[in-house]
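By written order: A, B and C. Residues from 1 in each chain.
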Amino acid sequence: VSARVTLLTDFGTRDGYVAAVKGVIAAIAPESIIDDAAHDIGFGDVREAAWALARYWRRYPPGTVHVCVVDPGVGSARRALALHAERRFFVGPDNGVFTHVLSDADFQAVSLENSTFHGGDISATFHGRDVFAPVAAHLARGVSLDELGPAVTDPVRFEVARPHREGGVVHGEVVHIDRFGNLITNIPAQLIADGARVGIDGHDLGTVRRTYADAARGDALALIGSDGMLEVAVRDGRMNGAVGTRVRVTQSD
Amino acid sequence: VSARVTLLTDFGTRDGYVAAVKGVIAAIAPESIIDDAAHDIGFGDVREAAWALARYWRRYPPGTVHVCVVDPGVGSARRALALHAERRFFVGPDNGVFTHVLSDADFQAVSLENSTFHGGDISATFHGRDVFAPVAAHLARGVSLDELGPAVTDPVRFEVARPHREGGVVHGEVVHIDRFGNLITNIPAQLIADGARVGIDGHDLGTVRRTYADAARGDALALIGSDGMLEVAVRDGRMNGAVGTRVRVTQSD
Amino acid sequence: VSARVTLLTDFGTRDGYVAAVKGVIAAIAPESIIDDAAHDIGFGDVREAAWALARYWRRYPPGTVHVCVVDPGVGSARRALALHAERRFFVGPDNGVFTHVLSDADFQAVSLENSTFHGGDISATFHGRDVFAPVAAHLARGVSLDELGPAVTDPVRFEVARPHREGGVVHGEVVHIDRFGNLITNIPAQLIADGARVGIDGHDLGTVRRTYADAARGDALALIGSDGMLEVAVRDGRMNGAVGTRVRVTQSD
């Protein structure tokens, strides 16, 4: 049995690009199960892709190969990477899409320079199909990372906003807005003392609640989201705000 | 071989929530094939989800586990359920999403109170990942329903509009509008006599036709849809109307 | 192990039609892995579907069954087909959706008239579920093409615009616009001499570049796309134009 392969792209599905990637994987690793993660990441939105990947990579079992192709620089000099972290594999461009994996886990990385494991005829604009898919399939079949190319010690990471504390106040910001209109912040639960109050944009949300149902319909609330970070939401609604909106958590006296 | 698992949610895909659910299932039941049913159900639209599920659950083979997570009340006191009906399994919140299954088949139900089969660390807002996914994976591996928690005899069902007959007229209504703009009614084929005429909103559509091609392009028609219910459609177009629009079928004399 | 099955439709996912198709396949061929190609093809847009299919069918391994159900004429007299080309199978309506397969490969075709391999109760409006899915599943399990019905030698093809040459100029047109806003033309790389200049709508794009990164951000460029055809694109942007927009390639002197 081959390992599972997941796909995360900004290709959309209707042009057939995603299916071409799946076909290449199936041709090399016929037993592999390919799970769609998402194909509607914003065009070239590497941060959004990195965020989505952070949510699921560890949930999959060891041996899983996570393919992430949000690749606005395809065909330029950017490197192509494979990573190994906590027994999962990752394949994609070296543009920051693996930022959260690299921050959260020990990793090994290689630059995909051994063309033995690439497709036969590499296009300049579709490395998802011609480089990343065949490499992923070979990893799923058990090829080892160091056969794929030379080690890389400095994969690209983008800057991640960090919360900071001033006196009794933790200052953070919104880093992601999900489909439900929840604002996800960069403030982890561990920084929030019991009884602390949450404010956003001058608006006081009171103390942290446990779940949406602890607010009245249409009311805003703060809660700890499913990945352990402070979120701001409206029960049965959408919270106003943007990535970068400031959030503060004030310790009670 | 593990059983097949299907997923129906309102999560969208781009936040990575769906992939997290798949990863949890794959970690517990590595051989399971996970089929996406839909992830673009309207936010919290339990009726739409119930409708979609009604269309496919019996088409899958015995042993299939159908996971349905449209769960606006997550974290509240609503129960979490697993069902068994006609040798298929169902996992999801007790909010009416299984209404059509419960109406159409004999079933057993349990409340998911045995935390042995849940994830290690249950969030208050993502039971799809922390409760329903692990339970589904255990069912796919052969765990029996009664190990999951105590029996439930009164799972939540929403009210379903029923057609009624007055003299020679059957009165029904539109209960779903599909992507093609077809209006699907609650009037089953069995209630429609040969030669009966269909009217919607004061507009006479004539007798029931066999298929779209039996009308001229752009013309409205009535026909029996693929699940045996009366539909109103426009050939190569979209029919005006809304859920709740009244439809009448008048017996010919 | 059953073969892989791919699905290409215009059904959308939220009505549950796609899941019904998958369920039928899984019931007949329980081991088959079903890969979604796309379900968001424009309503009845047979050309778009044909284009998507052209991109991926050969990438999948021999034995794969490609199901394509964009079928505005369902229930009319149009034939239902299965094809065999280069050891892949194809199932769908005889409406031109296989045009590019038929042009690019030797094929055998049959009309799906042997109801032994259909579902038990055929609706007039959902052959995807009642005819194409069961046939696909039987092909995945090894049923041979000629058991499915009588041979067909004239499957429907739509007209495909071809480029032509006048003196030193190749005249072609845009045949597809992808999600990224790239205009894909009908001019293959082989017709483009070194140093030739590309013009679109009276606008000179200069010579053919290798990849997007060879233009400045926001600048238009011409390049050879990943399927070997001339494309017109804007780096990190979307090119204006429509299907049918004329493109010319002028040989340098």
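Odds and ends about this structure:
In this text, a residue touches a chain if its C-beta (ideal position, glycine included) is under 8 Å from a C-beta of that chain, and two chains touch if they have at least 3 such contacts.
Bear in mind the structure is a predicted one, so any value in this text is a computation, not a measurement.
Taken as a graph of touching chains, this assembly is fully connected, with contact between every pair of chains. In summary, the pair chain A and chain B forms a contact in which the copies contribute largely different residue numbers, shared numbers making up under half of all those used. Centres computed as Cα averages put chain A at a distance of 31 Å from chain B. With touch defined as above, residues shared between interfaces to two or more other chains in chain A number as follows: 33, 36. Within the complex, the chain B residues that touch chain C are 1, 4, 6, 8, 33, 35-42, 48, 51-61, 64, 176, 178-180, 210-214, 223-226, 236. Within the complex formed with chain C, the residues of chain A that make contact are 11-20, 22-24, 26-27, 30-31, 33-34, 36, 43-44, 72-76, 123-126, 129-130.
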